[in-house]
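Structures are listed in the sections that come next.
In what follows, chain A forms one complex with chain B and a second complex with chain C.
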Partner chain A sequence: MQYRISFPHMGKYYIPIKKAMEAFVGNYGEVILPPPITKRTIELGALHSPDFVCVPFKYTLGNFIEALENGANVLFQIAGDCRLGFYSEVQEQILQDLDFDFTFHMMELNGKNAKGLYEVFKAMNPELTLPKVVSTLAVVVRIVYAMDGIEKYIRQNIGFEVEKGGFERIEKQFLAEIATAETMPQAGRIFKKYLKKLKTVALNKPAKPLRVGVVGELYVLMEPFSNYFIEKELAKFGIEVERFITASYLIFSTQHNVKKILKQADGYVSYEIGADGTDSVAKSVVMAKKGYDGIIHLKPFGCTPEVNSIPMVNKISEDFEIPVLYFSFDAQTSETGVKTRLEAFYDMLEMKKRGRAL
Partner chain B sequence: MKAYLGVDIGSISTKGVIIDGDNRIIANEYLWTEGNPIAAVKGVVESLQKQIAPEVQVMAVGTTGSARKLIGVVLNAQIVKNEITTHAIGTMSRVPDVRTILEIGGQDSKIILLRNGIVTDYAMNTICAAGTGSFLMSQAKRLGLAIEELGEMALQSENPTRIAARCTVFAESDLVHKAQIGHKKEDIVAGICTAVVNNYLNNVGKGKRILAPIVFQGGVSKNVGVVRAFEQILGHEIYVDEFGHLMGCLGAAVLAKNSGVEQLFDFNIQEVDFVTKGRECELCSNNCEIIYIYRNNEVLDAWGNRCERGLSA
Partner chain C sequence: MKKVKIGIPKALLYYKYQVMWRSFFEELGLEVVVSPNTNKAILDLGTNSSIDESCTSAKIYMGHVEWLIGKCDYIFVPRIVSYEGGDITCTKFHGIYDIVRATFPAAKFLHYNVDYAEGHTQEKAYSKLGKELGAKPAAVKLAYENALNALKNYEKGLESRQEALVCAESLKVLVVAHPYNIYDKLIGEPIVKALEELNVGVLYADIPDTIDMCKQSKTLSDSMYWRYNKELVGAIGHYKDDIDGIIFMATFPCGPDSLAIELLMRKLKEIPMTTLIVDSNFGEAGIQTRIESFIDIIEAKKKEAAHAV
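Now for the complex of A and B:
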């Protein structure tokens, strides 16, 4: 049988994941990407999900359904420390009840699981070797770092383009080219080439622009559709955006370490509060100390680790006099409501900066 | 004389003011939106025109409220601004040293904190309508009272009934139960007012440092029972402005004035035919709902598309 592998979307990370899975499955299958997330994706996902489950469950379930409709028969989902830990089992059951025919795999979200990957794919591709898995992962990790590096530069500067659209055009070319990288040095060269290209884009950036950091739950931070393209909206106001939570940070970075995170949190939290909650506190402290103008805290409605982080983030806001805007997202969040609050937040930061009313 | 127009088009009501160069209100109007913002604005503008002297020239327009974008196009406004900012600006023009603005409207509520004349923090209710005017409205109906009677009746109570404030559903079942076991009507009404305040403080007001001077506005500020509950719980005097319902449009007018862009406003919009048409784009499964606005059959503007393709189709 031909394996047709699929997995949920999250930002642009389908590029490295697709690359890895294609290499792993070899001649025994192919990767079927779910269609890009649209309103239909979240409607399908919400329709078949428990009402009160957090919204990434609904998005990823919608991805699975749309992938299965396009012929996928092997699905991958990640695991985690919060409700994400039960996504796989519940989604598998729901999709079975919908009479789809597929096999389902749950993978740990960490960078050290080469052996686990090898075993899963060996069952599909008898020619697969462990060294092949390891060498593929090495390139893929480099690609993820390259993507995150490029995106970081874009986030910080896209709000100040003299001519709109330059960054987006270069990013598109970059993504197309980085997908073709076969070795680590090649990926590194592509990264450098495009970072240089980005730096030639003319900017009209003040010496001290408004700087806003986004913290919160990983999925709504990294999947722009689920946060109503909040980073793009902030850029429209001419704001420099910072975000620490990226795939390279979460999966591969040695900085993503409880001890280091708690140290950054500097007494605002002294023990882990689950999933990314601890990091939301720590990164808020980091940005407050660096003199950022504001923090935006994003979470799926009902996300327990992030609810845990809110009292500490509130305290940081008070101590450092840094405003925090909170958003809870669900499947039916009103886009207008998000835009209204963002505009008011921007007005407030602008007033604070000027030291007088508009 | 130069003057400036501000309009606040909410889901329930449409408010308008004309101010002079010193931010003094020289004309004001308040009408129900009734699901037709364009008609409501025409009504407001017509009434405002009747209130001003012929030599008054409106030189700039600001819009706010949930239909601000649509009406901004209709009135060719210089300023189209969110309601949080306009409420802060409007209130400051009346009470310059205000440090906390509490606002409870028909369907939403917000809190705005100001220090030294600038907004430093705000919150808006995000999830539920508990503790807003519509809750008071439905409970008044259940008790067979007019919404305007609630406040005075609450003041008569000496022993407010304790009513769950967390959620409208629980509050309502609590209220039914308390009524059936014999609590007096005025005690229940006072209990509802307290519940609204507790709900507000536990939701939008959570974690916010509420410092005096405190201004309370929005439709619910007309309810003296809620005002008293706020005073008792916060331990501060609460200031309710007679123009409290006009702060949004006042702020929009002030911002229009400060914009520095001037263009004589043509009151003659009554005869202009504004029509909106909605269309669902079918180019992808986002199915964006695109709104076109026409002035005398000519497309003025369109929005709602997520990508450029939407408008070309």
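Now for the complex of A and C:
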């Protein structure tokens, strides 16, 4: 049997995941990417999902259906601390009820799971060795760091390009090239080359631009389709955007550590409040202390950990006089609504800043 | 000396642990005040002090907490995260202590923290709580043991009463719902009443032995990790040959229930089932109508089956 492997989209991370899975399955299969997310994806997903499940369930179910339609027969979903950990069993059941023929795997989302990956892929590719998995993961981790590093620079500066489109062009070239990296040093060299290139793009950036941080639930933070490309919209206003939550941070970073996060939260929470909710509080404190102009909090509708974080983020907002804008995303969110609220938020930040300058 | 007054919100974990809490506090010489049954005013209080998207059960909890402010010395808001064996609770229970602190900064709270995954056992949690209350370790230990026994006896009593009902001749429906939903005066009782008025025997999924039920849940779901859903799932397996139907009751927009109910509805094809989702604007009349029509269907099905034999 030929294995045709697929997994849900999340931003551009399909690049390293595809690379890893192709290496793991070797000659015994291929990777079938789900088509890019469109309205159809979320409509399909929502149609077959429970009514009030959180929206990442609906998007990823839509991805699975579209991948299966394109011939995929092995699916991967990640595990997590909130409802995410139970996505797999329910999605597998829904897809079976739709009469698709496939096998389904749930993977722990952490950097130390080489053995688990090895066992799953060894069953498909008898030639696979554990060292091969480990060496592939090393390169892939480096690629993820490189992507996150490049994106971070772009987020902070894309709002100030003199000529629009420069960053996007370079990013496209970067992504094409980083996908070909076969060793860690090679990935490192590609990263440095493109960071340098990005730095040559002419900017018209004021000494103290408006700075806004985005916090919230990981999927809607990292899958731009699900947040209506909010970071791009912010850039259009000439805002420097900061975001701490990236794949490299969540999966590999030593900074992603309960003790450190609770310390950053500085008493606004005394315990973990579920999944990334604790971090939303912690990073809001960090940015408030650093004098950011505003915080945008994103979550899927009904996301319990992030709903938990809101009373504390409200308190931070009051204590530090930092405005916070909240968004809840679902399959039915109106794009116009998002844009209008962003515009009003920007106007408010602008006025506040000007008031301070006078 | 005036006794210290501990306020206990009559919501969420109250329905699981109140017997134990009351016994523990009273044995240590404290006075316990419990907030009244949920009513519209309490729900409104809670709705106003909660984030919109909180589940109705948590909104009710917030209403009870607010009701207790000024009526006691400390409001008791325990935090339970994980149990022996690795099962966890819904993240609402992870955050509730910090949520009430942030929402009512002027109120004084008392809590314990049970998180087996981090080494915080129930026994340790109570011993720390007792110490905080200024009691001697030996007295705390005894109060804990007595409280634990009181809870066990209470649970056994409920279990044997329910077992007796299993043998009844009447139509029987298993209500699959978190105790804090189905035993709540405002949102749960109307459902039970409607069933009893139709002479339907009501079995509760939270009553059979928790540990047994968690084991039994594996036959219906192998990856379920929420303790409070697992025990309900296990009860379905436990009672499935004795019941005529299942009513799933959940509050909007409960995270674990949103997925658990979907999975169970897809897996259990042979038992008649219905789902009642309750939010802050629910109407009793609507619930009654839905229950009546559900019972009609079960009865018709039962007659059909009798004819076939």
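Everything below uses one rule, namely that the second predicted complex is superposed on the first by the 355 of 358 C-alpha atoms of A that agree within 3 Å, B and C clash if a C-alpha of one lies under 4 Å from a C-alpha of the other, contacts with A are read in each partner's own complex, and residues count from 1 in each chain.
Please note the rule applied: a residue touches a chain if its C-beta (ideal position, glycine included) is under 8 Å from a C-beta of that chain, and two chains touch if they have at least 3 such contacts.
This one's a predicted model, so the numbers in the text were calculated from it and none came from an experiment.
Of the two partner chains placed around the shared chain by superposition, chain C is the only one that A:51 touches, whereas chain B remains out of contact. With both structures placed on the common chain, the touch criterion links A:251 to neither chain B nor chain C. By the touch criterion defined above, A:86 reaches chain C but does not reach chain B. In the superposition on chain A, A:311 contacts both chain B and chain C. One of chain B and chain C touches more residues of chain A, and that partner is C.
Judged by the touch definition given at the top, the superposed model places A:336 against chain B, while chain C stays out of reach. In the superposition on chain A, A:107 makes contact with neither chain B nor chain C. In the superposition on chain A, A:184 contacts neither chain B nor chain C. When both complexes are overlaid on chain A, the residue A:355 reaches chain B alone and has no touch with chain C. In the superposition on chain A, A:268 contacts chain C only, with no contact to chain B.
The residues of chain A shared by its contacts with chain B and with chain C are 301, 311, 314, 328.
The residues of chain C lying in touch with chain A in their complex are 51, 53-55, 79, 81, 90-92, 94-95, 97-99, 101-103, 105, 113, 221-226, 252-256, 258-263, 266-267, 277. Interface residues of chain B, counted against chain A in their complex, comprise 66, 81-85, 88-89, 92, 117-124, 126-127, 207, 209, 255, 258, 284-287.
By the touch criterion stated above, chain A contacts chain B in their complex at residues 35, 38-41, 301, 311, 314, 317-318, 321, 323, 326-328, 336-337, 340-341, 343-344, 347-348, 351-352, 355-358. On the chain A side of its complex with chain C, the touching residues are 50-54, 57, 81-83, 85-90, 93-94, 97, 106, 268-275, 277, 301-305, 307-312, 314-315, 328.
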